[in-house]
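The first chain written gets the first letter, and so on, giving A, B, C, D, E and F; residue counts start at 1 in each chain.
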Amino acid sequence: MRSDGRTSDQLRTLSIDPSPNRYAEGSALIRMGFTHVLATVSLEEKVPPFLKDQGRGWVTAEYGMLPRSTHERSPREAARGKQSGRTQEIQRLIGRSLRSVVNFEKMGVRTATIDCDVIQADGGTRCASIGGAFVALALAFSNLKKVGVIAESPLVDYLAAVSVGIVDGEPCLDLCYTEDSAADVDMNVVMTGKGELVEVQGTAEHRSFSRKEMDRLLDLAWKGISEIVDLQKRLVQI
Amino acid sequence: MRSDGRTSDQLRTLSIDPSPNRYAEGSALIRMGFTHVLATVSLEEKVPPFLKDQGRGWVTAEYGMLPRSTHERSPREAARGKQSGRTQEIQRLIGRSLRSVVNFEKMGVRTATIDCDVIQADGGTRCASIGGAFVALALAFSNLKKVGVIAESPLVDYLAAVSVGIVDGEPCLDLCYTEDSAADVDMNVVMTGKGELVEVQGTAEHRSFSRKEMDRLLDLAWKGISEIVDLQKRLVQI
Amino acid sequence: MRSDGRTSDQLRTLSIDPSPNRYAEGSALIRMGFTHVLATVSLEEKVPPFLKDQGRGWVTAEYGMLPRSTHERSPREAARGKQSGRTQEIQRLIGRSLRSVVNFEKMGVRTATIDCDVIQADGGTRCASIGGAFVALALAFSNLKKVGVIAESPLVDYLAAVSVGIVDGEPCLDLCYTEDSAADVDMNVVMTGKGELVEVQGTAEHRSFSRKEMDRLLDLAWKGISEIVDLQKRLVQI
Amino acid sequence: MRSDGRTSDQLRTLSIDPSPNRYAEGSALIRMGFTHVLATVSLEEKVPPFLKDQGRGWVTAEYGMLPRSTHERSPREAARGKQSGRTQEIQRLIGRSLRSVVNFEKMGVRTATIDCDVIQADGGTRCASIGGAFVALALAFSNLKKVGVIAESPLVDYLAAVSVGIVDGEPCLDLCYTEDSAADVDMNVVMTGKGELVEVQGTAEHRSFSRKEMDRLLDLAWKGISEIVDLQKRLVQI
Amino acid sequence: MRSDGRTSDQLRTLSIDPSPNRYAEGSALIRMGFTHVLATVSLEEKVPPFLKDQGRGWVTAEYGMLPRSTHERSPREAARGKQSGRTQEIQRLIGRSLRSVVNFEKMGVRTATIDCDVIQADGGTRCASIGGAFVALALAFSNLKKVGVIAESPLVDYLAAVSVGIVDGEPCLDLCYTEDSAADVDMNVVMTGKGELVEVQGTAEHRSFSRKEMDRLLDLAWKGISEIVDLQKRLVQI
Amino acid sequence: MRSDGRTSDQLRTLSIDPSPNRYAEGSALIRMGFTHVLATVSLEEKVPPFLKDQGRGWVTAEYGMLPRSTHERSPREAARGKQSGRTQEIQRLIGRSLRSVVNFEKMGVRTATIDCDVIQADGGTRCASIGGAFVALALAFSNLKKVGVIAESPLVDYLAAVSVGIVDGEPCLDLCYTEDSAADVDMNVVMTGKGELVEVQGTAEHRSFSRKEMDRLLDLAWKGISEIVDLQKRLVQI
């Protein structure tokens, strides 16, 4: 039994609120327990220089945390004058993951900028960001299709992510902040709706881990991801 | 009749949601029409160097907008590596305004950092921030009093703010973004619950204005501010 | 009687030295008591991107203080790597104020950049900057007209500014640094030569203030501004 | 057969030159094919603030590339004024990996700063950095032990890393730059000398991948890492 | 005959105005032709960390140009967010040069920060800065001695600087901006009142130069420097 | 006899390794005693904006030190977020010096960016950089000529540099770090193969120096530079 009463293979209470933002081309507010992330998609009819004249689109992401989204206030990155290494690592991960399920030719010459802003944080913010960003992106593409700007959805599959880890010797799904801080091994897993791997980032925090433990963690991750994808399917079509 | 059907002396739909944030010592989510601002208060048991050994507290504020809070996406200030002049001007205004109703001796040797983050913006974000920040601060002080850390509330009065302006020759209360963009004169007014002035920032955007016009704008501002204060009174005691 | 022997409605010794700079298209050195500001105008035959193809001009301002213009040395902003919030707030105010008296169509497609550099500071530097910048700008436009580049002066009125405040309970005109530091209420007022308001920035430093006090301060401000405008009229025509 | 004639499970020509730097407490120059990385260890008798008064040490890493280490010159990060997200991600990985094999109590109150500077880059620089950094750190600790400053080696195991990936449908070991650019799946694996996992970072670049493919990549990685560890064992004892 | 009618060994019109600044511990406004530099000295009762507990003082310098001190406006360094390489090179030169004539033991544990701000620039600003800074520093030390804080002057000699160069094949003293731009060889020379060298910075701009030419330039430099020192001697005692 | 057994007019052991870098258009690794500098030349078919449409080329340089190239580790400039004044001063010197021996018309419309990275530092790094950069540049030009892109070598002479100084009252050639730290006078001299001066930067560190001492130092410099040029001539033709 975990500190919040969950079993080791149980997700936190999950909800995704579609289109909470009035202006963005697509948006979603995802809640995984006390972790709340607002994802907005902004579309622009241009692409970065390295894609010039290729007739295709691009997807990129940015990530931020409100200063008091966390247990203790963190200094505002805009005031510090730079984004931390952690922030950059996370936003690179989000962008890369989303790009893995996008057909850039079908998207046309436009850029989708996904902003993932953490309103409240209780661990697993990067995974929640990916799950919410997928819904926001699907809504933006769906709107483009509705108005006839694109013919087919550029999305090739669903996409979600979850954290798993070994806590007190026990492999667990969807760690909250206190579990995450105490975990011996911590792994973020991004998978498609069909169950293929997109990103695996496993880290030994206090000890190394075996291939067998890794396999058990990947099993748990797929259980959680498939549940998130089920919810996505009820909200958006690809 | 204004574009959204309001009369010239009518506030937009107003609501303040107390304590939306699980971790902050005080928080409030204020909505003035489509402008939504989350204010959180973080207390720390220390003061800035210039207040060392004076046995008193301090209140300071920071302000930010989510990149897609606006009609068009704005670049993230953390990514640009600095806060704009506008951001700095606004957060200085918020901090200064709140300090005008705080008794720093009663507050004790601690700092309240107020973060005002704009979730969605339709004009008047600095005024909404002040109205929401007051509630968040009152909640934080109220909690301190409840646990016996301070004996009396450090707040000496209520505090709210509203924008007024001359739009198409007509003095109007609580401008939305399209009104604000078209206004000849734009004024932000901060007042106490008793109706005293704390800040007046009037700006001629396209033409200068007379003393008489200024008087009319201040009348409108007080009408709006007293309504916001009425709502604050239902939510928090000082 | 004030600390420097002035009456409450008396300006400090005022002088404006036209064209002290050999290279600028227009320049002025204004002295209000011990506050000395050098204003230079640089003209360029281009406008910012947001004015492209509109056939009109632009006026912008920058502000700086020499490190030892003040009683105690302040760190050089170029060395600190950024301009303070105060600097940005002031240069935005100067630019906005000057733009209120410029007809951009008559100015042609060019930008006037006004640099206000404080050589010595004893309070009221933003107001002195505006009064001096107006003369520098008028000289620059006058030169353009003299050589036939523009047909008519783009200036629609004179412009000056002064600080007023409540010191020891007494409304006073043109505060010096020690008065400014001790003032309960501090207000910067920018007005045209005809007596219309352009900017009003009133701030309660230690207590709030009434509408009646505000009226008295605005009366004082106009007395001071009209004297500065009188001097401007002896130096430049619009 | 791969472009450089290797079989799919073959490392590039590997060499590690111990102590190339005259001043550092430990250093190593590792060459994996045309990828050359200089790792130096600098010891200081102090620890970061978060470890104050805990009687233990710390290991941290920084990473950089010479501007023309690559096929095309990259702008110098010191001139651009900030480290890229990629640089920060890599140096966080190097530090985290090395810390997994260090006993901080045995290390004493000191910090080892590992600088990994890429002299020439042909893919796999982060993995080469880890393999070289381990040798530099072992030499630094060995010197501390020799002079009696520490009683036992703080190292608990050997440590090395290698990149693996799926190129043209074929799982391959130790990708060079052209292979890396064309890979469908790219994985960096860090393991201990005993074959336990420390970090797994797998990324689908152009398509997702299956659990089975992942298993094959991990097999290849261990083959390569065990060969690097064999070379480390001939150079340094733990 | 030079463009401004001077002979090749003639200084521009030279003046030094002592104590133009009301607040600084010492100040001087030097004019060499149209080059005008304001030097202020700020004293603080502390020294940089590297001089801790050595019972001695320090002298450092900063340099800046007003944006429109030059023929064409240059961007403000505070707005650009960093000082240029040229600015840093010049302020390092000024500080180093002044330190060569200061006895730091006699100075006591205090730092003199010399700010050299160029009000108007027509070439030779770094040399004018040094000549003016010396007078400002001598005035600051003289004041310290007058009030009994130090027993003896810390200055061991006078100090001045001048630029020399080869223009159209002719060695010339004290180049103005147009001469400087066209010079084949450009040399800044700093010397003491006794005629010893402190800094020599000679640069071939368009061609290399011979030892004989160098000798001729150093002769010219000494002629100019001795005249500046004569003026300094009439203004300040060491 | 000097600390390392050299006579006062003796260079440290000198070697230049041509083309150590696989990718750069030209490269050289120069060793002067324990000072080791890697110079790479990167050619691009474009020039900076100020040379637009002039049919000529440009040469520029950047300089950096590996953090642990020195006796004590120095913070990485990329991590500090800016290049020090010293770094900027040195890279400006290297670029200016190399440009003095280049015919930009013969070079064609292209830019050579020379990166000088200090692998190990024992004094004299800027001088070693210049000597090595010359060889790297000559190799790059030689390759251009070989493939017929340019008709003639753009180099008009050889170029090298050496430090000289007065140590314990004795003029010495090619100072190592400990000599440099203790020197009363320190001079960096850049000369062409024909013995003409390109740069002279002499600095009195602890005392001023006479014209006679300066002459002796220049004699020593030429002795050293001619030996470096002799080695360059064995490696590259101009």
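Just a few scattered comments:
Everything below uses one rule, namely that a contact is a pair of C-beta atoms (placed from the backbone, for glycine too) under 8 Å apart; a residue touches a chain by one contact, two chains touch by 3 or more.
Chain identities (UniProt): A, B, C, D, E, F = Ribonuclease PH.
Note that the structure is predicted; figures quoted are calculated from it, not measured.
Taking the definition of touch as given, a chain qualifies here only if it contacts subunit B and subunit E alike; those chains are C. Think of each touching pair as a link: the shortest run of links from subunit B to subunit F has 3 of them.
Most remote from subunit A, judged by the distance between CA-atom centroids, is E. The interface at E-F recurs elsewhere; of C-E, A-B or A-D, the pair that shares more than half of its residue-numbered contact pairs is A-D.
Each chain gets a centre from the mean of its Cα atoms; for subunit D and subunit F, those two points are 33 Å apart.
In whole angstrom, the spacing between the mean C-alpha positions of subunit C and subunit F is 51.
Under the contact definition stated at the top, the residues of subunit B that touch 2 or more other chains are 81-83. The cyclic arrangement of chains, read from subunit B in the direction of subunit C, is B, C, E, F, D, A.
Residues 82-86, 88-89, 91-92, 96, 100, 157, 187, 191-192, 194, 196-204, 207-211, 214, 218 of subunit D are the ones touching subunit A in the complex. Within the complex formed with subunit B, the subunit A residues making contact are 21-24, 27, 34, 38, 40, 42, 44, 62, 64, 66-73, 76-83, 87, 113, 115, 117, 119-120.
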